[in-house]
Amino acid sequence: MHIIELIFSPLLALLIGVFFLGLARKVMARIQWRYGPPVTQPLIDIIRLLSQKSASHGVAFNIGLVMSLAGSLVITLFLPFGKIAPMSNSGGMLVILYLMLIGPLGMAISSGESANPNASIGISRKLLLAMGYELPFLLVVLALMTAYNTTSITEIVSLQRDTGWSMFTFPLVLSGIAYLLILPAMLGVRPFEVVNAPQEISSGPLVEYGGPYLALATLQHALAFFIGISLFVNLMWGGAANPVIFFLKMLVVFFLGIFVNAVFPRLRIDQAIRYLWRWPSLIAFAGLILVCVTGS
Amino acid sequence: MDRNQLKKWFQNPVKMAHKYSLHVVYFCTGCGIIEIPPSITARWDAERFGIIPVATPRQASLFIIAGYVSLKTLRSIIRTYEQMPEPKFTVSLGSCPINGGMYYDSYNTIKHLEKYIPVDGMIAGCMPRPEAIFVGVTHLWTLIDKDMADGYKRYRSNYSAYRANQEKILGKLEWPPLFPIHGEE
Amino acid sequence: MTGMEILLLVAFGGVMLTYILGRISSSLRNTFAVVLSLVLVVIIALMYDKTGETIFYRGFFGIPMSFRIDALSWLFAMATSVLGCLSVIFSLSYMSDRKNISFYYSMLFLVNAGMLGVVFSGDLLSFFIFWEIMSWSTFLLISFNRGPAVAAGLKYIIMSIIGSMAMLAGTISLYTNYGTLNIADLSHLTVSASPGYQLFLLIIFGVAFGIKNAVMPLHTWLPDAYTEAPSPFSAVLSGMLTRMGIYGFLLIIYVVVGAARFLHAADSTVSSFNYVLAWLGAITIVIPTFIAMLQNDAKRLLAWHGIGQGGYMILGIAFGTNMGVAGGIFHTLNHAIYIVLLFMSVAAIQYRTGGVRDLNSLGGLIKKMPVAFIGALLGICGLIGVPLTNGFVSKWMIYKTLISGRAPFLAFAALIGSWGTILSVYKFLHNIFLGQLPEKYRDIKQSPFNMKLPIIVLSSTILLFGILPGLPLRVINKIVVSFGFDSLNISLWGIVSESGMLNTINLFAAILAGLIAVWLFFRIGARTIPVKQDDNYAAGAAVPRDRYSYTAKYYDPLFRMISPYLKDIFNTFYMKIADLTGYLSNGIRKIYTGYVGNYVMYIVLFISLMIFVQMKWSPW
Amino acid sequence: MVNPVLLIAVPLGLAFMVPLIDSASRKLTRFVPVAALMFNLILCIRLIPAVLENPIVINLGGFTPPFGINLFVGPLGLLFAGLISLAGLVVSIYSLSYIKNGPVVKYHMLYMLLLTGATGVVLTGDLFNLFVFFEILCISSYALVAYHGDRAGIESSIKYLIQGTVGSGLLLIGIGFIYGIFGTLNMADIAMKIATVEQSTLFVPMILMVAGLGVESAIFPLNAWLPDAHSSAPSSISAILSGIAIEVGLYAVARIVFTVFGISDIYLFFAFLGILTLLIGEMCAFAQSNIKRMLAYSSIGQIGLILFALALATNNTVTGGLFQLVNHTISKGLLFLSAGYMIYRSGSMEISSLNGMGKRMPLTSLAFTVGAFSLVGLPPFAGFPGKFLIVSGALLKGQMVINILVGLVLLSTVIEGTYFFRVIQALYFKDGNGERKRAPATAVTAMITLMILIVALGVYPKFLADFLSSASSDLLDKMSYVGSVLK
Amino acid sequence: MSFLQNNIYYIGAFGLILIGLLIVLVKHNLIKVIIGLSIMDTGINLFLIAIGYLRNGTAPIFSSPEVESVLMVDPVPQALVLTAIVIGVAVLALALSLAIRLYKHFGTLDLRKIKELKW
């Protein structure tokens, strides 16, 4: 059973991630009064990309991307999906926080190797944006960990089963609001789509990726989408005992994200950081203080 | 359109994927740029066929050259074409890249794009409407189906000739030859 | 003769011998240097798991000076000697075209010997003496490069003397109060000391060790010194020498004052000291890490990180739970490994590029110097704390301590420091190894073997300790137990604590499996074609060679926001004080006017003053 | 047993023999001081066991004290005498090659007179005799400062002379008062009778004597001559002035305050005065760019430290002070000697002109470095044990005021370290030009001797400590002094 | 009045000393300063003599048995003064020779202008 979970939870995550990508395109098209591609379109793209012979810029160009996707895959082993969390006893929230670094770092090394100015700009923006949302995010996570006095994410989930969703329990309300405010930035949707910005910097870090590279990058993107949503559901919306309910919760968050994506224009990077470091950070800080004061 | 025929997908997924995931890099000059946006926005919505614009040739599989091609831009066109991963398809849009169009006697506009890079399909008109683009794409599907959209193969096998043409009109190119040129060694 | 006496004899004898051999022949000296450093490693390795104390000298006014060895000193000695050995091997070619190499080597050995003396000292007097030897020999090495290094060295030695004087005061105060300087004896005696006196001791030694370890308000010597010292020595300086401050803190807080026994008692002044120290550690993490982002000099960037990482150690050991202290010590060890690796990578680059360390003028060296790249990559992974590197485990332990100790703000400082680290070290990696290769470095060669060897050794150690942290943690657990804490629950591949556990071998397996799976998936796809670096897309045009330096203002949007707040105000403040002293001195010496009448007047005034004092207060 | 009178008589006699010897053989002249001081040194060493057992009191002319003049050779006096002969010997070896031009005969004569005067001061038991020896010391040093006859030398010499004469005048008035009050000039006799007189009466002579001797010993407001004289004298003489002359002055102050007057109320005042001298000396040195002036100011600072240590008047601090004094003699001697040759080679006293000396004169630079390290008090050199003893003794007193003063001592060490390390950096880490030329063998011998002494004392301070501790009890124990003189 | 009579020598001595000191303090000419030092010396000598002086005292020589030692002038200060005079002369000679050299170098004896060594 354990082995099956180990193998299939990353695959499930990939599947849901890719599904979300396709759904996102469909939903966006519908919002824009278009017919839109089929939901399977990302899959078609990936098949096509895998068959193309792309240019490679060197070993780090390959390894970095592989590392990035592998890192994201490993996170899914630690994140509870419903009750499926095959490696949750090998490390808790701190491990997840650090594993979340591998993705961007691998991507950064890989696209850095390509020596493309656009990629450099994209990576710089990516790191800056991460710096922007990590500040409130860490405050939120610390508030959660302090309130539940554990660093294990499965325990946080199971404790919410007793107390109700963290977002709606008293000392964590502010943290929940802050998390909600930074969620678009963590998912990388507009108005925080500064990293790829195809019109501006030729899709940023992805500029030199073609063929299989782009396939990996797409999968990584899908996984990052999955992880962002799943983390939010687990931490704030009480997770779920049942994978189906969990998926439904994820779907709700997903739609929230897409709606935001559909109606906002893109911010500049400095505007994004300024936003992220102002209101969400202040609220998250207040939330942490609240937790410290009220918690025993 | 055979996108929903699962049997074909199982028979030859790669070819099918190539047909229905055409990521386009546009090269637009003059009136070319006017006709592209309608085709990808709500009115005609190219995305329903999997056709979306991308920002870099590395990610693309289709290259649409719309509008006249001056000497200066030819250089970029060649560069961009060579950077696209194979298999790749080229479509020239409008009369100008086909035969010079209204610039037939201009001193710095090239008249026949296919002398410099291989072109798989040409959509005539001045300017062709979006519908024509769609017709062109369906023709391209047919060509892909029949393995006749083989411009990239022609480019490779006749590289020395293409390169000679390019250098004849542009002078010495700053990048090294993509494929070994016959007769040099 | 015990092992320690032989060791110190070898270490100090080697200093002279190296210099003398250097006068005879350089190859003889090089061989001797390598052999000597290896011998030191072997001797110390043989002393594993020994404890004991021997008096070796009574010549200093009859105060017995002794050596002592336990797990703590063994760990530090081992790290010192291994890093010293690697540094010597690295120096063989790095220093080969410099002048005064014999002096360099002998001073390197003197620093090493001083550090070994410090960690093996069984009493505070010999501790102080070795500490001073270490300090001034370091000064001579920091200034070795001349030019700007001279000012850096002066800054270092001034702060170092301030620290030493504080330590001298503390040491002598202990001596006058208890009549002994033996650490083991003192640890029994200070238990009964008044809380105020304990606090005094902690503060005064805290200043001494805080300067050495560059805790935030006392850090200003470090960036200059690290930057300007010869690179292999920068490695030793950052890896071990600075961390002697951590050793000192551990010694004073947990051995001499014995804080473990009453750290969390309600009315203890020590705990408030520790709390202050922990906050200083937190500040030390955050501010230098962000200042590091502003740097464009590779070594300076690493130097600021050296300060920042010191903050983690301080935070860990100041928080004072078994896991925190273990994390702090482990982080010291890990930091030594990866910062030395990073400095060596930079040094390898400097060696091949002719001393260039300006981040804006390098780039694309990954193809030319892959080993240095691997070193730098693993180094920064360790520095950030990417899982499976050693830095992760120690940081995990520190975070864990802070969270379960209900200090979320300290934890926040530590975590945000890590994220700041990513930004600056990615810039470091990117600007040196990634991006476009400048035209002038087209024909650069790989680094020579004796530079690769230390890099490879250290890189593999980073992974080894990251995957099997139980290896060093066993020794560290012994240290923690000897401080009077509970034993940690450690296995070879992880740690179990009440609020979560870590299993690195599982993590390793998962990541390995993930890598293999993704790689296979990647190989399913079509073959990739290697292309030249110039062949990349910039709107159809070629990226201009040698003019691509977007990296010059890599985080410009952020800088514009935060750089006004990131001035090194303490440095400015100390410089102001130094200037003020200069002005004051200049003013004071004006009393020597040069006119004899005035001088005679001073004599008359002196007499009048004494008469006045007598008339007014009649003190005698 | 050898008669300690020879310690004074031999150099004095030889000093006046120098012109005669010179007329006999030119070459021999230079070796006269070496021989004389070698003799003195051997004599001192031979006297050590006897003196440690019991102080030797010599009555000149056979008068028993309190009449007549007596010499008192206690451990302290012998320490100073030994130190004088040692420093004198080393410097005279150094002078063999260093003093080549000018009136060489007069140099050697005056040099020996200076040392005679110094030895006399530390050995005599009679106040007026002390004054006379002091005048011998002073007059010969006035002359020696002006040895080169250049502008700076003459100027500083005349300034020194004016201040010194005023100082010795004050001393003489003080002595006159003392004689008027007690009718005796024997120090032991005065010490015995001191309790019979009201303290306020003693106040005036004490002030006058302290002020008079203070000029010679460079206590803070009275030391304006020192930087000028030390910086413009020939380096060998600077070494002697710094290493011997002012310390002999300090000895005299200590002897008079501790033994003769023995008023413990004033000690704290002297501690303050010492700290003030220390701080001002160090700060002035900090602002100097002229190396000899810097060393001279540093001497002021060290004197302040020693004064502070002596003024605390416990066995520990006085031992520490004496240790520091020995260290100062050796280290400052070494510094002046090495700086002397470096200045000789570079032709300028500016620190910046010494840039790159480490390459050109490696041994001399090393000597300077060792001396500087030792003076700053870095282990394992001779400065550390002294500082250790002083600080530990001071902290042992356990008074808040003294603890603060100790803090200031440590602070001044930082300043001292700063300016010394600045010079060391100039020597080794800055590029200068000039050809590589070693110092002559005699100078090297002198410097190596001092270096070995510094390291030996630093590594094995116990070697000196016992002797110093009996010297300190000699200084502090007034009654045994009185008892041994007056039987 | 009797105070003045009894202490006339002391007053004279200190008068001389203070005059000498004042000259040293206020005069700028080196020669005058040296003269001041001389006057001060003289005052000191007078002071020493005055200590041992006894009004109507006799010479401290036991020329005949009836001479009482109580009436004798104290001989020790006189011996001291002799020495002090010699020393004073030596200093004076040195000072004057230095003054000559100084004048050769500086062309002036004004101490305010001889300030090359300062600070």
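All chains are identified by letter, namely A, B, C, D and E, in their written order; residue positions are counted from 1 within each chain.
Please note the rule applied: a residue touches a chain if its C-beta (ideal position, glycine included) is under 8 Å from a C-beta of that chain, and two chains touch if they have at least 3 such contacts.
Everything numeric here is computed off the predicted structure, so don't read it as measured data.
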{"item": "Core chain by centroid distance, with centroids computed from Cα atoms only", "value": "C"}
{"item": "Centroid-based (C-alpha) most distant chain relative to chain C", "value": "E"}
{"item": "Rounded Å distance between chain A and chain D, as computed from the means of their C-alpha atoms", "value": "78"}
{"item": "Rounded Å distance, chain C centre to chain E centre (Cα mean)", "value": "68"}
{"item": "Rounded Å distance between chain A and chain B, as computed from the means of their C-alpha atoms", "value": "36"}
{"item": "Gap in Å, rounded to a whole number, between the CA centres of chain E and chain D", "value": "28"}
{"item": "Numbers and ranges of chain E residues touching at least 2 other chains", "value": "21, 24, 33, 114, 116-117, 119"}
{"item": "Residues of chain B whose C-beta touches two or more other chains", "value": "56-58, 83, 85"}
{"item": "Touching two or more other chains - residue numbers and ranges from chain D", "value": "158-159, 162, 166, 227, 284, 287"}
{"item": "All chain pairs that touch each other", "value": "A-B, A-C, B-C, C-D, C-E, D-E"}
{"item": "Residue ranges of chain C in contact with chain A within the complex", "value": "363-364, 366-367, 370, 373, 377, 381, 384-387, 392, 396, 399-400, 403-404, 406, 408-409, 411-412, 415-416, 419-420, 422-423, 426, 429-430, 434-437, 494, 499-503, 506-507, 510-511, 514-515, 517-519, 521-522, 524-531, 533-539, 543, 548, 550-551, 554-555, 557-558, 560-561"}
{"item": "Parts of chain A lying in touch with chain B, wherever the complex brings them together", "value": "25, 29, 32-38, 41, 44-45, 47-49, 51-55, 198-199, 202-203, 206-211, 214"}
{"item": "Chain D to chain E touching residues, read off their complex", "value": "128, 132, 135, 139, 142-143, 146, 149-152, 154-159, 161-162, 165-166, 168-169, 172-173, 175-176, 179-180, 183, 185, 227-228, 231-232, 284, 287"}
{"item": "Interfacial residue positions of chain C with respect to chain D in the complex", "value": "58-62, 128-129, 132-133, 135-136, 139-140, 143-144, 146, 149-150, 153-154, 157-158, 161-162, 165-166, 168-169, 172-173, 175-176, 581-582, 584-586, 588-589, 591-592, 596, 598-600, 602-603, 605-607, 610-611, 613-614, 618-620"}
{"item": "List of chain B residues in touch with chain C within their complex", "value": "56-58, 73, 75-77, 79-80, 83, 85, 174-176"}
